[in-house]
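One structure coming up, written as structure tokens, with questions to follow.
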Amino acid sequence: MKDIIAKLLKIDRRIIFLLTSLAILIPIVFYIQMPGLQVTESTKSVYNALDSLPEGSTLLMSFDFDPSTKPELYPMADVMCRHAFKKNIKVLAMAFTAPGVAIAEDLITKDAVEMHKEYGKDYVFLGYQPNYVSALTEFGNDFYSVYPTDSRGTNLQSLPVMQGIRTIKDIGLVMDYTAASYLDAWVAYSSDRYGFKLGAGTTAVNEPSCLPYVQSHQIVGLLGALRGGAEYESLLHYNGLATKGMASVSMGHFLILALIILANLMVLAQKFMKEEEK
Amino acid sequence: MNIFKKTLPLAICFVIGVLSFLQYYCPHHLSDEFADVLNDHMNIIYFFAYMLGLISLSMANWGTIKRKADGWGYSVLLFVGMAIGIISGIAAKGEFIANNHMTAYGWMYTYIYSPLQGTMFAILAFYLVSCSYRAFRVKSKEAGLLFLTAGLFILGRIPPGQWLWSQIFGTACGGISGITEWILNCPTLAARRAIMVGISLGSIATSVKIVVGIERQYLGGTD
Amino acid sequence: MTFSAIIGAWVAAGLTLFILSFLYRDNPLFKVAENLYVGVSAGYWFTVYAYDVWVPKVWLPLSAGLLWPILPALLGITMLFRLHPKYAWVSRMSFAYMIGYGAGMSIPVTMTSQFMKQVSSTIQPLVAMSGASVDFSGAALFSIFSALVLMIGLLCTLLYFFFSAEHTGVLKVTSKMAVYFLMIYFGAAYGITVMGRFALLYGRFAELYTYSSGIYFYATPILLLFVIGFMIKFKGKKHDEPPLTEQV
Amino acid sequence: MAAATLLSSARLYAAPPADPALIDRPYSVEGLVGMGMPYTGGGVALLKWSAMPYDGPAVKYKIYASTTAAGPWKEATTVPSNKNYASDIELPFWCWSADKNRHAVQVDLRDIFPIEQKAKRDKNASARANMIEDSREKDEREDYFIKMCKTPYYFKVSAVAMTKQPDGTLKPAYPETDSEVVSAVPAMSLFNMPRLNNFLYSLGLIAIFLWFISHAKKRELFIRRIPGLDAVDDAIGRATEMGRPIIYQTGALDMTNVSTIASTMILGEIAKKVAQYDATLKVPHRDPTVLPVCQAIVQQAYIEAGRLDSYRDDINFYISYDQFAFTAAIDGIFEREKPAAVFYMGSFYAEAMLMTEVGSNNGIIQIAGTDIDSQLPFFFTTCDYTLIGEELYAAGAYISKDPVLLGTLRGQDIGKIVVVAGVILAVIAVTIGTLCGWDVFNRLVMDPFNSF
């Protein structure tokens, strides 16, 4: 017994690494429902904003982030894209950061293939816009002066997906996914001025600085990191990347706690046995 | 020669140091201009310093290849990586997207650079677990306090943890999130502030020594 | 899925697994990823500097006939004299310039953000008023208690860094308290970081999982098998030496 | 309801109601003064006028600006009348009177009289042509701004009462009546008076440091034990015995950063010891500006130790600017070369634990010191010794026992005593001030501590 404890206390780190991998991997592959997730008001209002849109209206998604914050923002964009497709809402995707274009194409293509949606009819990639201030200002006057063509060079106005859209005010809901200050620009240069529905998704670090916009009703709601995504998914009853992510992260936390408790129990047992020997 | 080798650098350091110090207190247009110009200068000097680093790295690895030292093939690989970065970058003029298509540079960033960076960063999660197992053992009262607090935060940051806490201990004191919030805003903040105040004193002392030229080790050499 | 995205998935999944293999032990696959990473990052940052600094701040102004970049460029060039031992001293000019700027500028900024702001937000009245009378409600007393803890914690921890006297007498008590405060701080900072790191790891694993699907031609499982096979074979070898152009 | 209270307050002001002039002009603006906003970089005007009895949620002040006394007038801004008092502008008592009976509004003239927009540029113009154009525009903007700061601008203010119409819109209840016209020159200031306390503290600290430095040589100064630094000799000794290298890291930041400078000072001392013991030193670098400085420092240390023969230029080597590329390479070095001791001195970020955990797994003696407080827990749990914050700056002095360096440590301690005393006294003072309801007294106590 004593030997086993001594051995366990000096266990090969690689076994711990394996346990960590499993803790993260199992919820990705299998569905695990974690208790305790409470849907916040601001997530609920983003959900309602999209859910209340009539069939055939439009969701514009702006992918303003890069790979470093992808784990936190990709899942929420994914579930919203699925929600829109499910409700037959058209999806437009754009990006103010260059790597965001690749992320958007990857995400929406995957969802579209799965849900049998057609490019040009149900969704479109608008591409990258380097100068976001002028683009945001111009959106309210003429959408097509910012994006005359889609990212593949087709005349945008000729695509069926754009029917009935002249300015950004004709879009049902705009979502900005960002880890930087793009939300400030969206609010200041566009939504405050033209008064369309704007929602946002952001990282855990940025959440406090974005919350005031929700309180002042400048944005309809805010999704905060993986947790916000998971809340959204629970509203949609969908086991997506965020739910899996929250489960993964929670499993990791519990693994650490279990290991700490185990190690300390073993140390105590060791002490106890030593005293007994005396 | 001593004037150029020693006096001139110290004089430059003193003059620039004093001016940068005073700049903070002067709202005048010229003072702002001075700060902008200096900032630009630092960027430009930094570019050359970066070139120095690049040359130094290349020379070291070139030496390895030339000597055919152990594992010289890896140094070749390093140059291959460097060539991928530089050639794709120059060809794309530093843009990830051109004419709405991902450039080779953008491809390199998305599929080589960021997975490598992200994975290296993510390895931290493994180390956090193994370190917790090894280091968080009650050896003393102090160590106990450390891992108890860490444990509270590890539990209190996840929804199932909060749920578990409320099932066992109820929601007194705002539940576990209320307790962690207080720890964060009170004892933790106190220690952090004290560390910062101490650092500020040490940092100002070092800065003063540099500006007045007492600390001149950065010059290197006595001649 | 475009062809370049599929190739990209294979490259990304492969490099991710190569790096992760280090967790098992150091091995040639990790060395490949490591050296490629150092090389690619050197090239990447070169491009970033070239197009963020060199082109807009030196090259274009000079070619447009503006003369102001000459001084910083000359100072920058002195940096390169470091490569020649005899003229290394020339580089001191640019160092004096940089270091003087850094030191001079940091005094007032540090004074504001790390000294005054931290001290002033610790000074809170140890009494709460409701109207003209003293407030003795639980919430008010608790906030006073918090303010007191904050102040005592700050003062004790500050005295812990006192260098001119050994930690005896009063200083022994305060530094003991300080250690408790520091431990709580370290524990809290440790605990908070865990979530973000796990989210990152989840991101990597989720991407590997995505790349394991048919549209990517099963990149992850195939590469994983390759890595495992390599590690077994590598371990089977007597020497732990990396095989790539290794001298025996 | 709102309109009713509004009317009653207007009547209150308009008493006696018999005066027809007052009924015609119920909302006059009195005591208007204009000046350039002090303590700013120019381009901002400050307008002050008396608080009026009718100030309330329904009344707004409209501010008009012009380049001549006669107009034409441009509407600059509209502000609510129950806010924007002089006391709402947060400036310290030594340069601002926080008057509750005066309105004070800052008007940024750069927004109201912007430089005229030039015709749109040719989109296909070359980068070079754009650069010339940019530089010309920048000069023009600057000239325009400097001229602005010397020109008088004219202002007038009028109070507008808004009442709710049946359809829900707000409309002015009375025609606007203007105040008299005042002028202001939005000049630039030379000294930011609100930062006076910061300036005095800095000068005071500098004086203390310089005094201790100049008096340092006269007597021995005591310094308390720092356990992490006592372990330095052991670590170097062990490395020598084992014949394995010692690795020294200077952190992530460049040479302009104070922690890096402190780290290079420690490197000098450690390199000297390493040279004396004849052990092997390796200094990998992340920042290119630190590399040449450290080369010079290490060389100097070897000269001072009399071991120039064992100095090699590749003791210092550059790896990568990239945070995690550097870390990957360091982890590789830890695994392959199995160093006996590693020093981490300077600023470290997320990479800290990625290195220390591999180090601790390889049984390396690790001594860390950082001023990045978020990384302290990770060093603390994985390293043998950790210098916390300020101890990093003290380390150079501690190892070298140089009287000048020790002198500044004494200066830092004086600073700490002042802070401790200041905080205790200020807390007592504010507590008394709050008990007695002396708001002005509390402001007098707190302003010197606040940064503006």
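The letters A, B, C and D name the chains in turn, as written, and every chain counts its residues from 1.
Rule of thumb we're sticking to: a contact is a pair of C-beta atoms (placed from the backbone, for glycine too) under 8 Å apart; a residue touches a chain by one contact, two chains touch by 3 or more.
Values in this document were obtained by computation on a predicted structure and should not be read as measured data.
The chains touching chain A as well as chain C are B. Counting only chains that touch, the fewest steps needed to get from chain A to chain D is 2. Summarising the inter-chain layout, the chain whose CA centre lies farthest from the centre of chain D is A.
The chain pair with more C-beta contacts between its two chains, of B-C and B-D, is B-C. The geometric centre of chain B is 4 Å away from that of chain C, both derived from CA atoms.
A separation of 21 Å divides the Cα centre of chain C from that of chain D.
Rounded to whole angstrom, the centroid-to-centroid distance between chain A and chain B, based on C-alpha atoms, equals 27 Å. For chain B, residues touching at least two other chains, in rising order: 21, 24-25, 42, 46, 49-52, 54, 57, 102, 109-110, 116-118, 120-121, 123-126, 128, 130, 134, 136, 146-147, 150-151, 154, 157-158, 192, 195-199, 201, 203-204, 206-208, 210, 218-221. Across the assembly, chain C contributes 19, 22-23, 31, 33-34, 37-38, 40-42, 44-45, 79, 82, 88, 95, 98-99, 101-103, 106-108, 110-111, 115, 119, 122, 151, 154-155, 158, 161, 182, 185-187, 189-190, 193-195, 198, 200-201, 203-204 as residues in contact with two or more other chains.
Each of the following residues of chain D touches two or more other chains: 195, 198-199, 202, 205-206, 254-256, 258, 261, 289, 292-293, 295-296, 319-322, 324-325, 328, 373, 376-378, 380-381, 388-390, 394, 409, 412, 416, 419. Shown here, the protein chains touch in an arrangement that is not a line, ring, star or fully connected set.
Chains touching one another form the pairs A-B, A-C, B-C, B-D, C-D.
Partner chain D is touched in their complex by these residues of chain C: 19, 22, 25-26, 30-31, 33-34, 37-38, 40-42, 44-45, 56, 60-61, 63-66, 79, 82, 88, 91, 95, 98-99, 101-103, 106-108, 110-113, 115-117, 119-120, 122-127, 129, 132, 134, 151, 154-155, 158-159, 161-167, 182, 185-187, 189-190, 193. Chain C makes touch with chain B in their complex at residues 4, 7-9, 11-13, 15-16, 19-20, 22-23, 31-54, 57-58, 68-69, 71-73, 75-77, 79-80, 82-83, 88-89, 92-111, 114-115, 118-119, 121-122, 146, 149-158, 160-161, 178-195, 197-198, 200-201, 203-204, 207, 241-242, 244-247. Considering their complex, residues 1, 5, 23-24, 194-196, 198-206, 209-210, 215 of chain C touch chain A. By the touch criterion given at the top, residues 14, 17, 20-21, 24-25, 28-29, 70-72, 74, 102, 106, 109-110, 113, 204, 225-226, 241, 244-245, 248-249, 252-253, 256 of chain A touch chain C in their complex. Of all residues in chain B, those touching chain D in their complex are 21, 24-29, 31-32, 42, 46, 49-54, 56-57, 60, 116-117, 120-121, 123-124, 127-128, 130-131, 134-136, 146, 150, 192, 195-199, 201-210, 212, 214-215, 217-222.
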